[in-house]
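In what comes next, subunit A is part of two complexes: it sits with subunit B in the first one and with subunit C in the second one.
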Partner chain A sequence: MRLRPAPVAAVAAIAVLAVAVPILPLDNPTRMEIAHRFAAPSAAHWLGQDEYGRDVLTRLLWGARVSLSVAAASAGIACVLGILLGLVGGFLRGIVEVLTVRSMDVVLCFPPLLLALLVVTLLGPGAGTLIPVLAVLYLPGFVRVVYAGVLTVRSQDYVEAVRALGAGPVRIMGRTILPNIAGPVLVQFSLAAASAVVLESGLSFLGLGVVPPAPSWGLMIGAARATMTQSPLLLLWPCAALTLTILAMNALCDALRDAVDPHGVPARRRGAVRLPALLPGLVPTRGPALEVRNLTVAIDTPAGVIHPVRDVSLAVGAGETLAIVGESGSGKSLTGLAVLGLLPPIARVVQGAAWVEGQEVLRLPEPARRKLRGGAIAMIFQDPLSSLNPVHRIGDQIHEALLAHARRGGERLRQRVVALLTRVGIPDPAARARAYPHELSGGMRQRAMIAMAIANDPRVLIADEPTTALDVTIQAQVLTLLGDLRRERGMGVVFITHSLPVVAEIADRVAVMYAGEIVEQGPAATVFAKPLHPYTSALLASAPHEDGSLPDGIPGIVPLPHELPPGCAFAPRCRHRIPDCDAQRPALVETGEGHTSRCLRWREFA
Partner chain B sequence: MPWLLKRIGTALILIWIVATIVFLAIRLVPGDPAELLLSQGGVAPDPAAVAELHEQLGLDRPFIVQYGDNLRRLAQGDLGRSLQDDSPVVTEIARRLPRTLELIAAAALFAIVTGIPAGMLAALRRGGWLDWLALANSSLALSVPVFVTGTLLVLVFAQWLHWVPAGGYVPLARDPIAHLTLLTMPALAIGLGLSATVFRMTRAAVLDVAQRDYVRTARAKGVHPTRILARHVLRNALMPVVTVLALHLGSLLGGTVLVEYVFNYPGLSGLLVEAVNARDYPTVQAVVLVISVLFVALNLAVDLLYAALDPRVRHA
Partner chain C sequence: MTAAPSPLLVAEGVTRRFGARGLFTRARPVQAVTDVWLSLGRGETVGLVGESGSGKSTLGRMLLGLLPPSEGQVWFDGVDLARATPAERRALRRRMQIVFQDPHSSLDPRRTIGAQIADGPTIHALVPPAERRARVEGLLGQVGLAPSHADRYPHEFSGGQRQRIGIARALATNPEFLVADEPVSALDVSVQAQVLALLADLRSRFGLALLFISHDLAVVRSLCDRVVVLYLGRVMESGPVAQVLEAPRHPYTQALLSAAPSLEASRRRTRILLQGDPPSPSAPPSGCVFRTRCPVAMPACAETVPALVDGVACLRVG
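== the complex of A and B ==
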């Protein structure tokens, strides 16, 4: 847990001042000098004197003491009670849960300041009333945080293990649960304390909180209001003290929250880096619908720049299917996203070129690229549920794809939507067009995604694991649909997958990726029959066998992008490793007609 | 719509619980409530007055009868009579509630009009100087309590610059210009902090939604960025913003106390503070009840709005 030091220091400084007030060489905060009413700042009274001639600095510091002790006491009481109630409620469940946790909702149906006022009416103002009232207000927050924490922790294996070892509930709570919820409780405490300072000052300002002559910032502001024209400073000092204290406490809350939950902390993002211009004479090969040459993608991480896609070259012809195969993290999805210009903000293309029907796309300005996306080149994603907008109807989302590339809208586009849904095999298409994504099955959703992708007759379709989220029968149907569409429309299809059976079924050519590089590429039949890279062989061997015998796993793990070995990336896991493999990165060599391998020893496998 | 019925049922139960708590509150306090209400500065109250108050509050009857009677009267819209002038509390509430609602509405309008565009802009320019400036600004705005903002507004714009009166209220029908002028400063005092909250929520929500898969899909379709922002990002990002804004507006129902006091604005909260100071318990009870009912109703309205924004909720 890393905590920003500045807010901690600021709050600590204020707290130390508040604690040390009685031993500081200060005036009595209630001693009046009527003769020196409204005296300007002087050597004896640094911030001047108030309407009774009391020293303003002394009163400010004592006010901090009052504010912070009310805040600490109320947040502290709420914290202790909240932890107890939350633990008991979360651990025992049932009726106890209703009494301890659900009952808190009642407190939440009163606006906080209102509840405080109600109690003050009954019990009279003063710090003694204020602390319990504020504690009650903050109690639900603590109970909820602790309760939620208990629910998550109690189901975890190690808690079950401790319980199985015979530990009693009290011990389990103390040993396993409390340390796990400490972070959120701390955040809650800082929130409650900051809010208590605000409420205390507000109530005191109204004369319903701290009772005069005790010093309080709220009271000081209230009193100085009457004389604000003649001595605005008297008003400004406590306003500044209050605001700065709350500012420091809020900053501490944010810092604590970021430290406990680093999820929200944004990653550093580099400005746009322009790709170097294409070398003159670098032209696409004639023919393919999509050609990618030497594509390299970089990501800036705290540990340095990594290259999750390195030197990737591939081509897919019209009506052809190229499968990119690899484990997760091999860079296959990023390759697809890079071609479309949909890389996440932290990633960027640093080298290479890509041509769609002969036009270089990586260097196109964004508006022109946008025209290509969903037009000449389209993409289907893995999870159709999260890839469809939950708040818009299916038909509207397909219509939008048409509209983005149409010269004008109108009824014709609406009819196209129904026609597209019919084409992808969705029954009752007119009704389904009005459905929301969550109302369709997974298979139907992916068909709708496909309809969206083929809406403008793309020349290239990139399908990123389109069947992974579907069950097997639906998978087969979707694969058949994609195959039919490819033949019918002559699209080039790039099919990204980790499933070899799927590749065998649909691919004309296959590119095998490992740790960001293509290690072998060739006609699917040849690569399957006679793999020329040990990783391909290992991948084939690790696929489930038809006879049900256990496949051979690949020993070791994929190297992390910033810990790549200097030589062949696969060498540490390779059975055929020789010293040369670690010396330098092997080049991709042509091994036969349209077949390449990145292995030094490919000849031995041929 | 069974979902809607269930939600309304929960709201009614909550209102019943609130009414019960408010009823119990006065009777659970140790000592005789009538004596407690009448005693001022430790002087024992006149026994005759105590007896009279007992009768007026119905404290001499059996507890359960009092409770039933209380609920029956509430259901008929009878909120009791003020201890100060024996007038029906409901009349005074009906007079003041619209003023407070107007104040809250004006503050909310300011917060929405400034906070949402600023939040979007900051999210789109994340990490830029504009984002940094807006974030710093919102930190400050969130740290100044409303009564401090209000008092400083009075100091600067009323006392020093003499642009506006320090406070007060003029009915709209009598003088629309003066009415709006007087509304501006209290609305601004509340609206500044609220705007900072809305800004932060919007910024966070837009950043979150912008990296969702469906936004990537929209980009993959070649949809124009402005349209993506309006149709895909904003629509989804507004949901958490609406929720948080409504929660804040709800707490403002009782939270305008301070601002109404600073600007001498005769709203519902002012009535509450007066009643608290005068120990006029029936009035306090009635105001608290009305505000809580509004609070519950507001939460119900938010849920309905949520359902309108998100089709998934309707089927949950």
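== the complex of A and C ==
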């Protein structure tokens, strides 16, 4: 656990000052010197003297003691009680939940200032009254935050796991749930403490908090306001103290929240970088639907620039299916997103070109690219529930896709929506067009997504794991549908997947990616029958065998993008490794008709 | 041959409804699992196969006693889980464990993996505190990780490594029965094979009874002795792996097998393409639950619920 030092030091300094006030060589905060009222700052009185000639610095420090102890005590009490009530209510549910969480909602019904005024009027002003009043005011906030956190965390598998281990409720709540909701609770604490400082000042200002002549920042602000024209500086000191304290407290709570999170803080993006212009005369080779050449994608990380996609070249003809197959972290999805210009903000294309029907797309300005997306080139994703907008009817979303590329709307477009839904095999399409995404099953949602993608007759369809989230009987339906659409519309399909059996079923050609590079590419039948790269063979051997014997895994793990080996990226896991493999990065060599491999020893496998 | 040894785990007609009978809601209760009979011997591996919504995870949690059945009983080593005393239940907890599907949500992100693996032995006081560390390191070694990994947090590991950690946590209490709920579906294929090999190895080394929940028939084939096929909470077919997966008799099993994509062209039989989606478990069809998608359904299928006879629940068979 690493805590940023600056906020800790700031809050510690404020706290130490407040605690040490009685032993500091200071004046009595209530000693008056009427003769020197409104005296300017001097050597004896660093911040000057107030309307009764009292030393401002002394009163400020004594006031900090009062303000901070009221704030810390009330926020602390509210925090502890809130954690207890929220944890118990959220974890045990049922009647306990009604007693703990719902009863708090009653407190929320009172306007906070009114409640405070009422109690203070009944019990009399003073710091002793303020603490319980503020604690009660902040309690519902804590209960709510803790309760919401518990509801999220309690459904996680790791809570089920400790339950299965035989842990009792107290252990689960204390050891497992509490640490996982610490972040939001700390933020709530900083808000409550800061707000308590302000509220204490406000109530004292109104004469309902700390009783004069005891010092408090609220009283000081109140008094200074009355004499603002004579001595504006008097107003500045308590206000500055208040602001700095609150800023320091918020910074500390943010630092604490980051420190209790073992993940660390994510990196931020730097300015955009322009792709260099294309060399004159560089044109696609055969006029395919999509051609990508030497695509390289870079991401800036705290550890330096990494290249999760390196030097990827591929082409897919009209009516052809090219499968990009690879494991997680191979760069297959980023390749697809780069072509569409949909890379996440931290990633950028640093090299290469891509042509859609002869038009270079990576250098297009954004408006032109937008026209292209959903027009000549479309994409479908793995999870249609998160890629369809949950608050719009699916018919409207398809209509929207059509409208983005049509000159005008009208009844004809509406009819096309229904025709598209019919084409992708959604039963009762007119009625289903009015359904929201959550009302459809996973398979139906993926069909709706496909309808949206093919709405404008794209030349290229990029499908990123479109069947991974589906059941096998539904997967078979969607694969059949995609195959039919490709044939009847002559679309080029780039099918991104990790499943070799799916590739074997649907692909004409296959590109195998490993750690950001294409290691082998060729006709699917040839690649599967006679792989010319050890990674492809190892991948084939790790698919479950049909004869029931256990598959062979590949030892080790995919190297991280910033820890790539100097030579062949697969060498550390390769059974056929020789010293040459570590010497230099092998080039992609042509091994036969349209078949390439990035292995030094491919001849031995041929 | 003498009488067969009594099975470790027996489920007798277990049914689970998720009632939505709240104070203000009156939704239709969902019947997730209906009348399942199952037994599992020591050291035996049974595959539980079904699509999403088939109730396979619910059944797995009932067999572990994490979820009480609405009807029926689960017996573990002769003890009825529902009627066990708190002390008995605590003792039983140690003997049965679970491995989850999602390697990201199954580990507590805020605690080191060593602390999480030590939870089981600590709760059940299996090892003295001084030996806990050694026990954790030993377990890490058994699942193929380094002892020094104990001090790291879950996010520092890959998906496959996390799944190994989840397995180590489950093994820490020396269980006799392990439910593996889709333990490899979230993993890459090369890593999937590693984890399957690990499970197979540990199973034989510890004599574990394993309930392997999966939607992937190829994976089940490589690991299991017997297989149970669930559809909408009911058993469609069950029997030895070789019999059910090589010569399926129930039309659903046949469709499931033919729908699975295959690497070998020779195995790609003529595909039985099921129409539509599985019906909602809150409104299951009358009679046979599969009849709405069944290619060979007949009128009688809507009338009677087919009984599981000789491992198949279909009016067309037998």
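Note that the second predicted complex is superposed on the first by the 493 of 606 C-alpha atoms of A that agree within 3 Å, B and C clash if a C-alpha of one lies under 4 Å from a C-alpha of the other, contacts with A are read in each partner's own complex, and residues count from 1 in each chain.
In the analysis below, a residue touches a chain if its C-beta (ideal position, glycine included) is under 8 Å from a C-beta of that chain, and two chains touch if they have at least 3 such contacts.
Just so you know, these numbers come straight off a predicted model, no measurement behind them.
A.B. asks: So in the superposed three-chain picture, is A:166 touching just subunit B, just subunit C, both, or none of them (first/second/both/neither)?
C.D. replies: Second partner only, subunit C.
A.B. asks: Quick check on the superposed pair: does A:565 touch subunit B, subunit C, both, or neither? Answer first, second, both or neither.
C.D. replies: Neither partner.
A.B. asks: Should A:229 be classified as contacting the first partner (subunit B), the second (subunit C), both, or neither?
C.D. replies: A:229 sits against subunit B, while subunit C stays out of touch.
A.B. asks: For A:592, select first, second, both or neither according to whether it touches subunit B, subunit C, the two together, or no partner.
C.D. replies: neither
A.B. asks: Examine A:344 and indicate which partner it touches, taking first as subunit B and second as subunit C; both and neither are also allowed.
C.D. replies: The first partner, subunit B, only.
A.B. asks: Subunit B touches which residues of subunit A in the complex?
C.D. replies: 106, 109-115, 117-118, 120-123, 198, 201-202, 205-206, 208, 218, 221, 225, 228-229, 232, 235, 239, 242-244, 246-247, 250-251, 264, 266, 268-269, 340, 342, 344, 370-375, 378-379, 381, 383, 386-392, 397, 400-401, 404-405, 436, 438-439, 449, 452-453, 455
A.B. asks: Please name which positions on subunit C make contact with subunit A in the complex.
C.D. replies: Result: residues 51-52, 64, 66, 90, 93-94, 96-98, 100-102, 105-111, 116, 119-120, 123-124, 153, 155, 158-161, 166, 169-170, 173, 188-197, 200, 215-219, 221-223, 241-242, 255-256, 258-265, 267-268, 271, 273-274, 276-278 of subunit C touch subunit A.
A.B. asks: Touching residues of subunit A toward subunit C in the complex: what are they?
C.D. replies: Spelled out, the residues of subunit A in touch with subunit C are 156-158, 160-167, 171, 175-176, 179-180, 182, 260-263, 327-328, 427, 441-444, 471-477, 479-480, 498-502, 504-505, 528, 538-546, 548-555, 557-558.
A.B. asks: Going by the contact rule set out above, which residues of subunit B touch subunit A in the complex?
C.D. replies: Listed in rising order, the residues of subunit B that touch subunit A are 14, 17-18, 21-22, 25-26, 29, 36, 126-127, 139-140, 142-148, 151-152, 154-155, 159, 204, 207, 211-214, 216-225, 227, 231-232, 235-236, 250-255, 257-258, 261-262, 272-273, 275-276, 279, 281, 284, 288, 291-292, 295-296, 309-312, 315.
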